[in-house]
Amino acid sequence: MDALLARYRTVRATSESLAAPLSPEDQQVQSMPDVSPTKWHLAHVTWFFETFILREFMADYAVYHPKFAYLFNSYYEAAGPRHARPARGLLTRPSADEVIAYRRHVDRAMERLLSAPPRNSANRIAELVTLGVNHEQQHQELLLMDIKHVFSCSPLAPAYEPTTASDAPKNGGAGGDTLDWHEVEGGVRGIGHAGDGFAYDNESPRHDVLLRDFRIASRLVTNGEYLEFVEDRGYERSEHWFMDGIETVRANDWRGPLYWREKDGERFEFTLAGLQPLDPDKPVSHLSYYEAAAYAAWAGKRLATEAEWETAAAASEPAAESEANLLESGRLHPAPAPKKKNRPRQMIGDVWEWTQSAYNSYPGYRPARGAIGEYNGKFMTGQMVLRGGCCVTPGGHARATYRNFFYPHQRWMFSGIRLADDR
Amino acid sequence: MDALLARYRTVRATSESLAAPLSPEDQQVQSMPDVSPTKWHLAHVTWFFETFILREFMADYAVYHPKFAYLFNSYYEAAGPRHARPARGLLTRPSADEVIAYRRHVDRAMERLLSAPPRNSANRIAELVTLGVNHEQQHQELLLMDIKHVFSCSPLAPAYEPTTASDAPKNGGAGGDTLDWHEVEGGVRGIGHAGDGFAYDNESPRHDVLLRDFRIASRLVTNGEYLEFVEDRGYERSEHWFMDGIETVRANDWRGPLYWREKDGERFEFTLAGLQPLDPDKPVSHLSYYEAAAYAAWAGKRLATEAEWETAAAASEPAAESEANLLESGRLHPAPAPKKKNRPRQMIGDVWEWTQSAYNSYPGYRPARGAIGEYNGKFMTGQMVLRGGCCVTPGGHARATYRNFFYPHQRWMFSGIRLADDR
Amino acid sequence: MDALLARYRTVRATSESLAAPLSPEDQQVQSMPDVSPTKWHLAHVTWFFETFILREFMADYAVYHPKFAYLFNSYYEAAGPRHARPARGLLTRPSADEVIAYRRHVDRAMERLLSAPPRNSANRIAELVTLGVNHEQQHQELLLMDIKHVFSCSPLAPAYEPTTASDAPKNGGAGGDTLDWHEVEGGVRGIGHAGDGFAYDNESPRHDVLLRDFRIASRLVTNGEYLEFVEDRGYERSEHWFMDGIETVRANDWRGPLYWREKDGERFEFTLAGLQPLDPDKPVSHLSYYEAAAYAAWAGKRLATEAEWETAAAASEPAAESEANLLESGRLHPAPAPKKKNRPRQMIGDVWEWTQSAYNSYPGYRPARGAIGEYNGKFMTGQMVLRGGCCVTPGGHARATYRNFFYPHQRWMFSGIRLADDR
Amino acid sequence: MDALLARYRTVRATSESLAAPLSPEDQQVQSMPDVSPTKWHLAHVTWFFETFILREFMADYAVYHPKFAYLFNSYYEAAGPRHARPARGLLTRPSADEVIAYRRHVDRAMERLLSAPPRNSANRIAELVTLGVNHEQQHQELLLMDIKHVFSCSPLAPAYEPTTASDAPKNGGAGGDTLDWHEVEGGVRGIGHAGDGFAYDNESPRHDVLLRDFRIASRLVTNGEYLEFVEDRGYERSEHWFMDGIETVRANDWRGPLYWREKDGERFEFTLAGLQPLDPDKPVSHLSYYEAAAYAAWAGKRLATEAEWETAAAASEPAAESEANLLESGRLHPAPAPKKKNRPRQMIGDVWEWTQSAYNSYPGYRPARGAIGEYNGKFMTGQMVLRGGCCVTPGGHARATYRNFFYPHQRWMFSGIRLADDR
């Protein structure tokens, strides 16, 4: 329990340090329905501990505020009614300061509970704390994605931080590497999570899949490569696009990735460090599934399935492992891993990689009972799987079996492209 | 070529006989963007033959009208600009009569071409005619789905035909059968089309999949069974629904299948024969994917994957075959097939069965070059696969490998539920 | 009563002759919520006679169809529930032929009633028939406005009739006349209807208004003059526009009057005779209030108030009278009135002239009791008054006191500009 | 100039004291497009002085921030491009503190300019400062309206201030007075502003109007009276409503004034002091024009025209004057004026009173040249005039000739009803 408490403290402290550069005003705004205010993230993850742990397992716990359950429930129907998602930005009260006070209140109770957990629920509590800590890490990533979007809406183009560290891929740019192909033999392979470490329920059960021979790119597609597609009139040539994709492009007048900007003939990218010259060597990011798939079609290739991706990641496990280890060390911005020949690079911690797999349950999957069961299963329609984590994913949070998911039109997350092909 | 010409004639005549009960006004209306006017269907399938066959292979072919290519192109970007889909119902000209004249013009040319095809393109022509004939059959089904929707919008609830023949499942109702389970062994199985008969490109290539043991219901879910779900407050209990599903239910105030009606405490169903008392024995129809999945969750079961469905259909091939054969005979409304114990019934020709598989390309799939290549591939995002054909699918058109696809919220097609489960 | 019966017959026959050039398909379509299908107009005016006269005053009258009251009530809340306006185009039944049969049924009953009206309700019946006949004339104009819009949506640009007669201003074009100013003295003036002839309730009571000296243009603004505004970047220069106006322009990408078209550098106008070269001498038509007001501001002038307009029309009464008389003669397309110096021309029967007066009740106005009271009063918010009738207004229907009204963004009616100014 | 500088200081200080109870978060939020953030109001009124005075008349003025002109221009097209209105709430930067710093910068420059104005522009500067001060007062009212709306969106129902002082009508409630009628003789009357005091351009020129005899209610309609309408199914009975009104009611499911709430069978009103029991004696407030007009129709009365209102206000000038004087004294919440028999009460400073007059220019009105000319004229379409000021209108700001204007569906301002009738 001590290790868990230490982990709890670290993660809780990290959330607050991520919010530290932000003013109360910055923490207030919801720039679109998908985005939540910083302050809301900080309160919601706290509500999670309060609701699923303290109220369940701590007999004398005093709920901090009777209305917070209503304000800070995200989508758990079984946990009662809740404030409408698109209206989160209207909640000026509680203030950012009061949210910190709420966090303190819950943290104190959690410390007390974890120091002396009731014997016969200790295991269940440990499970839920582990879930809560991972949940808070997810919101750390969301917090950064969201504030990037908020700032991108301002004509002042504010910077979240002075250097580009947060917004930089963990494993560096292409560094002049040509794009090579990693060949993978087909056959029956196991994917999904098994074993002791933490994983979300949607990564289980581990099961066999049948793969054909395929190849997968040794690195991510770069800004420079994507620019060739743009300049080849990629956004106008419907033959490379899904019907839904080209209609989205036309309806929204998309002409490039979400955060690309043009000024006086020069290209820039809006980042967490403000407007920066577009770096051709950096992995292209903030793409919708439609754009990723269109690029792949234009390049005469395709996207990988999630089973292919996971198999390739497992095959280059030492590299992926070392990437992950570095991240696990707790540093949010580790030095890039050394490049290895003939192995896919930039698998973990650079940009989320769109796969061509629709998000669905693994065979035999059953969601947990009660509100916690709503964590993943209810989203298994209409979304696509992305793999690999990104530069704002907390260190150690992503893993080879991790399944992220977004709607095909969304692109405010750090999402990019790795090409694949049949052999 | 003679057999093909005969087939061409039959299919063309069938389309017109389907339109025969409809007035010029009935044939004009587009009741929502998904629906096309009857007249437009009749013209569009004709444009297909004109554009992809006559203009390509008949040197002296005189295009019937210079603007029809613009009016009657559905979605082929490579075939030039086109009239906006939601505005099809605004085209009062050409009239229904003129569309018939257009059909005659193209039919005469097709007769001439097929009687004496240019030698070195005879094979390509035969392929394209086969595609065109199948395409026209798809539109026969759409025509009936669409006119049902048009009529459902009228306070007069008009009947397309006096008897309920068209709207009746090919293989009859449940007939008092209890719902049994057909057990299927897992393993590596082949799915997809191979061999000589016609199939769409999206059914290929045939490939191996790895299945786990599963069971599949011996028959479709009935109106009576679905009514239990409705009366158990199924449309209010979010725990059975996908998030997208329950939000769709709430936004549209859905309380039951699309065509269920209530009047003075009695339940009715709007059919092609007008308003009819709800038959509890008939397969439930006109459901969205969200409703199908929610019903399955409520029942403690799940939907099949498309690979499971196809494997089960192949396993009960004699039955499925005999269903298909009866249909192949050309009668649109054959007598129900004899019931067989322990075999899934109602697989072909009753209602389209939602699977839990997102519509995607089979491994190794490559769309054809040019406009024809847009037939299927560009729709492979955001939609779900349905299997089995329905009561308004033309005889012989559906088959075990046939992949239909709709968006999860759509329900104006004849779509229903077959339950499945793990073993 | 005989004269009234004769009038009834004439008006009823005119409606049908206006629909005669239209196919069943043409009569079916509703191209936007503001538009009604031709067939619907023919049925609705018939329902008016059936509901407010036959059902009230003819004891043995047999209602033609029990659901028609639901289908063909336009907006009379007191007359019961009704079919939603934007869904009128979905009513394929009754067919155009059945609507004619409905008209026959009602006409026969009306003939019988008017031949021998019950003594003590004869006056009330005469009043209501007069209202009904005027109501049907209004719908004759709507029918032509609406079918023009329907046809304008077709890439085939169909013609309603071979010559431009219907779409031509009654009093001809500018004919080279320079725009002169008609000076009017201010003072207390009477406006509104008084006396014996028919007028709508919104033209009463006649009352005094106080006017300042003003001047009003001797003729309407022409296409040629309006083109100067367009070519002077009139649609981009916000300083001439109301805020609501420029926002409407930008949201809808307006660049000229509704029916102006450009093809290969030439300008055309879509008319009831199809696409025609833009005639610079013709009054500009199919403008919104926003455009009319912006043009006036650009020209350094203003629009007249409705009191000014009516006073000017009364001042040039002989001319207006002779215009009206010609129209009264029953010919829909009379020869243009002879031009008179120093008098406003083109006052009646050319284009509806936007005034700067919001549509409101005259002082002392009280709507009639019951459903008939809904005829005018309930629309007295958000709309602007237009005066003078237009080329598709039936002969004799418009008069100097007539108040038409539309929302400021609407422009599918024949609406144009007459300038005014302070002295 | 000294008096003006003193006035400038007072008004500037008042704005900041109004914002003082609000946290940075409270000042950030835009709860609907009509609402602006507190912070934005404070910056925009400052930009007004900077743009139209300092940049024009102070040669060495250093613009505070190059982008603020873009951020804080409200709608002046002639003053350059601007940030989209509905996106004001996205501007987290500048912070509330930085806005105060901006105010200081401009205030210092204004002090300097007004202490020693350039001789030949002193008059023009004085005019513009007077305009700017009045403009800032308008925004003081908007600030309170807007924050009331923001707080009304929170499930916590926060209070802007502990007492109901701000939200209380200046002249008290009905105090048990029965509703009497003040009779006014018709004739030619002058309305509009003339003379030396400040007025907006839309109040000029003063001009004659012709009125009929009328009567006007001695006081405003109360919550208690309006409740009778609500309980008489007023929101369902279309016969009392304009068509646009009843459609708005149905589309938005309105069942009472904007801020009425029901909880456990009790009625409350959301106020600047949070949720308060509904006071039946208080003037009803936060009504749309549609509701005001429907209430009047239900009561068998009508609303006044703006000319009638102004004439009645002038007739009871002593009372109105004393009300205004009290306000002029600079106290925002003066003691209620003493009641006088047979005179309309509550004319100034209680709730804005809807008139039945559409907002339009007075005869002979010409807007000023340049950006300042956009102040009023461009809004003269689609809106209705309201008269009399309300409880959050700054003391001395409203006057008998003052013309406020809103769209008929808007109701977040303090708007109510005074009945009128013909004699």
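General remarks:
Every chain is named by a letter (A, B, C and D) in the order it is written, and numbering of its residues begins at 1.
Just so we're on the same page, a contact is a pair of C-beta atoms (placed from the backbone, for glycine too) under 8 Å apart; a residue touches a chain by one contact, two chains touch by 3 or more.
Note that the structure is predicted; figures quoted are calculated from it, not measured.
Taken together, chain A and chain B share no touching chain. Computed from the mean C-alpha positions, the centre of chain A lies at a distance of 60 Å from the centre of chain C. Here the CA centre of chain B is 47 Å from the CA centre of chain C. If you average the Cα atoms of chain C and of chain D, the two centres end up 38 Å apart. Of all residues in chain D, none touches 2 or more other chains. Listed by label, the pairs of touching chains are A-B, A-D, B-C, C-D. Put simply, chain C touches chain D in their complex at residues 75, 77-78, 188, 207-210, 212, 238-239, 241-246, 289-290, 293, 356-358, 360, 363-364, 378-382, 408, 422. Contacts from chain C toward chain B in the complex involve residues 23-29, 31, 39, 67, 70-71, 83, 87, 89-93, 95-96, 150-151, 153-156, 158.
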